[in-house]
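Several structures are given next for inspection.
Each of the two complexes below includes subunit A, the first together with subunit B, the second together with subunit C.
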Partner chain A sequence: MSHVANSKGRGGFIAGFLILPLALYLTFVIWPYIQTFGYSFTNWTGQSPTFDFVGLDNYSALMKDEVFGGALLHNLLLLVFVPTVTILISLFFAFMLNAGGRSGAGGVQGVAGSALYKVIYFFPQVLSLAILAVLFGAVYRSDEGGLLNGFLTKLGLVDPAHPIEWLNEPNFVLWCLLLVVVWHGVGFYLVLFSAAMQSVPKDIYEAALLDGAGRAQTFFKVTLPLLWDSVQTSAVYLGIAAMDMFVLVSTMTSGQFGGGPDHHSEVMATVLMRNFLYFGQAGYACAMGVVMLALTLILSAITLRATRREHVEF
Partner chain B sequence: MTTVIKAPGEAAAEKRSAATGQPRGKSKSGSDGMVLNVFSHGFLAVWGIMIVLPLIWLVLGSFKTDVQIGSSALSWPSNWHFDAFGRAWDKGIGDYFANTLIVMVFSVPLTMLLGSMAAYVLARYPFAGNRPIYYFFVSGAMFPVFLALVPLFFMVKRLDMLNSYQGLILVYVAYSMPFTVFFMHSFFRTLPTAVHEAAVIDGASHTRIFFQVMLPMAKPGLISVGIFNVLGQWNQYILPSVLMQPQTGSDPERYMLTQGLIQLQYQMGYETDLPVLFAGVTIAMIPMLVVYLSFQRQIQAGLTSATLK
Partner chain C sequence: MGSTSAHGEHSNGEGFGRRDLIKRSAALGLIAVPTMSFLSACASGSDETTKGNESKVAVTKENPFGVAKGGKLDVVVFKGGYGDDYAKAWEAAFDKKWGTTSSHLATQEITSKLQPRFNGGNPPDVVDDSGAQQIKLDVLAKGNQLADLTVVLDAPSLDDPSKKVRDTLMPGTIEGGMIGGKFVALQYVYTVWGLWYSGKLFKEKGWTAPKTWAEFMDICQKAKAAGIGGLAHQGKYPYYINVAIMDLIAKKGGLDAMKAIDNLEPNAFADNPVALEAVEAVYELVEKDLLMPGTNGLTHTESQTQWNQYKAAFITSGSWLENEQLKQTPEDFDMQFLPMPVLPDSKLPFEAIRAGAGEPFIVPEKAANKAGGLEFLRSMLSREWSTLFAQQANSLTVLKDGVDPSVKLRSGTQSAVAALKSAGDNTFNYRYSDWYSAMGTELENASNELMAKRIQPKEWIKRAQAAVNKATEDPNAKNNKRS
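The block that comes next holds the complex of A and B.
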């Protein structure tokens, strides 16, 4: 690299290649990020050009804001369940695909047609969340026209005269949304884990089998430790998705920017948007943004620390 | 693949025990595998149906009447006309489609170009401030977009670019930067130095080396990141829903497809014409299905490696 590093015109070239990307990134990403901290200490409405510095008023108001508190709680609930459920199901299916096959002459092998399964499972991943919102809005319809109610009526589990109002039932709404996230995510994480499983050399499995390990043992003692890196990465990604949830909540549930019924599906992002675009409280919304950032960072740190293991080389 | 060679006696014993239904000893794994195989296929098929069924059901809905959709979920469509698709197109799906395409025709290539340029310089040219700038770029991926939303709106407003294509293009490029730089940086680092040095000796300029030597060599990486950016920007909802709202009554609607679908959902709720909504979603799904089926191998590999990098 020394040749390259010292040849002429180097400085100008470096500057020339960096200036545009840096300028764009600074203007639209970094500067707004920084400004948010500043605005979060003001009573800015967003409409007026003037505003006052109010110190920590927005933050102390946030502590008392019951809607935001409830939203935070919902985010934390999702944060526990979204990664756990998605990772467990995808690990299960990934193991089925790669080691659940007829074991013919002793070696572990995948089920027939595993490629087809992967193609089908992965498809939701390329659909936008907006499509998902419309699709599941229809599936969860509160009359017999909804797919879910239609099925349950057919099975005699739901009285056709009183179908379940999935998204208007305070106790159901959050779990209904969780199901959508899981439905959407499993295929992707399955493919991810599956790729990681395939990169594990076959002889490790064969050695384990020769030593008399059963499939369950092989999974917990061999596969899982070798996959730990991917599981950890997935937990962080799914955790970040669970902190967001804006699209699904704002489009599938009732209320301005969603959150209904009666704030039972509220998440931080929807409260933020409502305060910003509907109540005209830009400064207050910025304080929420800062809280979301703090939580995201804390959670990533916790996940990375809690799931840290010895790295296995192979 | 390895083949396991068995002693003839052992294989015979296995057959015998399978026939009598009394597995013992080594042959146990064989019948176990059989049970497991049925068990796996059972679970896998159920999940497969759970993925496919709602999608097919939705598509069939665009051939139903509104009354039929509301009254029974499991009914078969009564009219097989495509008129709901025509109405969906007239209601704006065509325009939303065009808007998304216009933005992405510029934003994706620009993302790839600017992202690779920055990543290349940061990966292969040691200079003072290299590391800080790299971390500066990459750190953006850790922050939730909601943190920036309020000031971003006013920044774009001040530039007079609200509800404009160029505004959204620039914002898309900027927000795709952290990931693109991160991924391409690790890619450029793996490219051999020897080729680079040979080009320098041949008298090629830095710029020329980048465009004619390094960029073509980085093609596999570019494809992975490209897929990621195409899917990400195509499916983006939050940024356009804040930045692409008509500012006055006379402004044209420049909704992106995702926004447009949600708009259509509200509208059809009032007008009670759900087949139009379902047809709209079907239209929006078709290109993704076609792209996905044609490139599914690359898409799966691309997204997987992109996440694990």
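The block that comes next holds the complex of A and C.
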């Protein structure tokens, strides 16, 4: 068979495989997007097939919606902190597990028992968000029965008659939720970074050591640059998680679909769902969905661009 | 770099390499994930026109809606505190009488299960639209999804065909099912709201049930001195503490004060000394530190269970409380209902209680077997079915004398029935939370802030009035009027 015929046949073969997935993708992903866009110009209630076209009313109402604005700010706050904190902690632990020990012959190995730690760190990732919500609900419980309150009471730091209502404190609630996300994520990114670190040839570290580099220097000058691709991908992943947050907020905080106390933990997704399913303003909710999509796309593009670096080859 | 097999593939000098491209498109695909789930949640079904019920069955006195023998009946019930055994028993009885085949779905996720069906124009025939995930009735009514149930009210009662169904119902049942001026929901379970306490605890401590707010505060003080909380409430769901606030308003200011709120009057809260006094009374509990510690952040089950363990003297709730807490209540707890104690110079007496019909059963306008659905509701209002419910779900229905005297009630329900008897005609019931979901939510948020000592009563009043004013923009505001 000639070379040309061969490649032609292969092209048809590959296309055959792509048609079905493409059709599915168009039907179940792209079409709902287009529909949502359409609904965002209507006063659809979400519980009936009839609605009227209202033009840009939903969008102009959205501009004035303080609750949605607050939710957007919370999402942006999380967008800054969730990736930064998670990646920093994961990197630190991964470095300690893979290159933190100093006693061995090569000088490049993890602290004692690092294999075991890696398994333990990964545990939180195995739990679903629903279980996390229950687990941390018990940690943050607002009376003495809560793990945190119980602990602090025993230490004498909290008055048992006035326990801290963690998830009912406007100033704490978002940070409490942030902690859950970080706790959940660190294990996964630790393993991810570990894998990347292990693929770095040991002689690079040895060379650095011979040149007299300290631990910090090794990390910033050798490990981090070689890991940049993984860090970048992680930042995008975590950024997306920070733009969502629906499951945790809606199950752990007060209010219909969460967001309490008094909108202090509101994220865009919870405002959207409340308007969609509880207030019967599905058209308005669709407008929120469109705004969310646009924001997420913009932010992801920015993240990818801002973290672009020269590739280091080895 | 290291771990992938893509080594060296990007050194072909074409801007960025294939690996980058793959990586980027993967990242974009991921972006789509969280937003997609919300966006696609917005997608509705196609705009189908339904064929409706085309069966032509003669309408007789025995069969006032023209139910076709041997059809299908699609029933969906909320499986909450009442379980779903009662519904199974009903369906069996219905199938036996009409030769139908019932399909039964019991779920807590009413909205997610039914929303696509309402949109697609193929809803079930009977729905118990209740629970935290109920589809709000005002929303359904707005979309013309609810059948007018007035025909059921005017149909002959199954127990006594000389009477109409409407004459066999507890007061408030019809009013409780009106939305936008139409009777669209049969609120089937008769509920009372107020305070609850443990008869055993009170006997032990030598306390008597308070009748005035001052006496109530006094017991809360005594409870605090005894090392337990005064009032517990279900802080994560501020709906419950609003029972206390709104009941005080209704009792102090009389039915006019209540109607002013439901009718969205400009002075429902603002410049209304009655409302301010009620809110201040409840806030006094916060100021004097008489709440059960931590109660503001607890869920309903957490805080009710604490109360069952004698950690607080009182709790606010409706009469589903006893059934909900069956497992957590100690044998000798002796649960007792207490009408909300009154403020000085109240227009309604202490005995007055918030009472009314709850647990809405609806028939969708586009139900395939609408006649069957209507007949099902009529059957629910027979003594036979009402007794079945009382036995299986341990609660009263809206049918007058609808329970066979042989059914034995538990202490809490018994005390609620007694309270209902002494209340006589002095019952009231708010409608705003059914009529205006957003306003209800706003009032709850304000109360949450009040109980956490983050706002003062005056600020609460301001926020409440703002919520009322906002609700006047609701298109239903012109239809929802009570007198």
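Quick note on the criterion: the second predicted complex is superposed on the first by the 284 of 314 C-alpha atoms of A that agree within 3 Å, B and C clash if a C-alpha of one lies under 4 Å from a C-alpha of the other, contacts with A are read in each partner's own complex, and residues count from 1 in each chain.
Simple rule for what comes next: a contact is a pair of C-beta atoms (placed from the backbone, for glycine too) under 8 Å apart; a residue touches a chain by one contact, two chains touch by 3 or more.
Treat the numbers as computed from the prediction; the structure is a model and nothing was measured.
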item	value
Clash or fit (per the criteria above) of subunit B with subunit C on subunit A	clash
Touched partner set for A:P32, first subunit B, second subunit C, both or neither	both
Touched partner set for A:Q47, first subunit B, second subunit C, both or neither	second
First (subunit B), second (subunit C), both or neither touched by A:E144	both
Comparison of subunit B and subunit C by subunit A residues contacted	B
Subunit B versus subunit C as contact partner of A:I131, first or second or both or neither	first
Contacts of A:V200 with subunit B and subunit C, given as first, second, both or neither	second
Contacts of A:F17 with subunit B and subunit C, given as first, second, both or neither	first
Which of subunit B and subunit C A:K154 touches, first, second, both or neither	first
Which of subunit B and subunit C A:Q256 touches, first, second, both or neither	second
Subunit B region in steric overlap with subunit C, selected from 23-31, 149-157 or 275-283	149-157
Footprint overlap on subunit A, where subunit B in one structure and subunit C in the other make contact	28-29, 31-33, 35-36, 39, 46, 141, 143-146, 149, 195-196, 229, 233, 237, 240, 243-244, 246, 269, 272-273, 276-277, 282, 285-286, 289-290, 292-293, 296-297, 300
Touch list for subunit B against partner subunit A, complex	1-4, 6, 29-30, 32-34, 36-37, 39-41, 43-44, 47-48, 50-55, 57-58, 61, 69-74, 114-115, 117-118, 120-122, 124-127, 133, 136-137, 140, 142-144, 146-156, 170-171, 173-175, 177-178, 181, 193, 196-197, 200-201, 205-207, 210, 231, 234-235, 237-238, 242, 257-259, 261-262, 265, 274, 277-278, 281, 284-285, 288-289, 291-293, 296, 299-301, 303-304, 307-308
Complex interface listing, subunit A residues touching subunit C	28-29, 31-33, 35-36, 39, 44-50, 140-146, 149, 160-163, 165-168, 170, 195-196, 199-200, 226, 229, 233, 236-237, 240-241, 243-244, 246, 254-256, 260-263, 269, 272-274, 276-280, 282, 285-286, 289-290, 292-293, 296-297, 300, 304, 311-314
Contacting residues of subunit C [partner subunit A, same complex]	1-3, 10, 23-24, 27-28, 30-36, 38-48, 111, 115, 118-121, 133, 135-136, 138-140, 142-145, 235-238, 289, 292-298, 302, 306, 437-438, 441, 444-445, 448-449, 452, 454
Subunit A to subunit B touching residues, read off their complex	1, 3-5, 7, 9-11, 13-14, 16-18, 20-22, 24-25, 27-33, 35-36, 39, 46, 92-93, 96-97, 100-107, 111, 117-131, 133-139, 141, 143-147, 149-151, 154, 183, 186-188, 191-192, 195-196, 202-203, 206, 209, 215, 229-230, 233-234, 237, 240, 243-244, 246-247, 251, 268-269, 272-273, 276-277, 282, 285-286, 288-290, 292-293, 296-297, 300
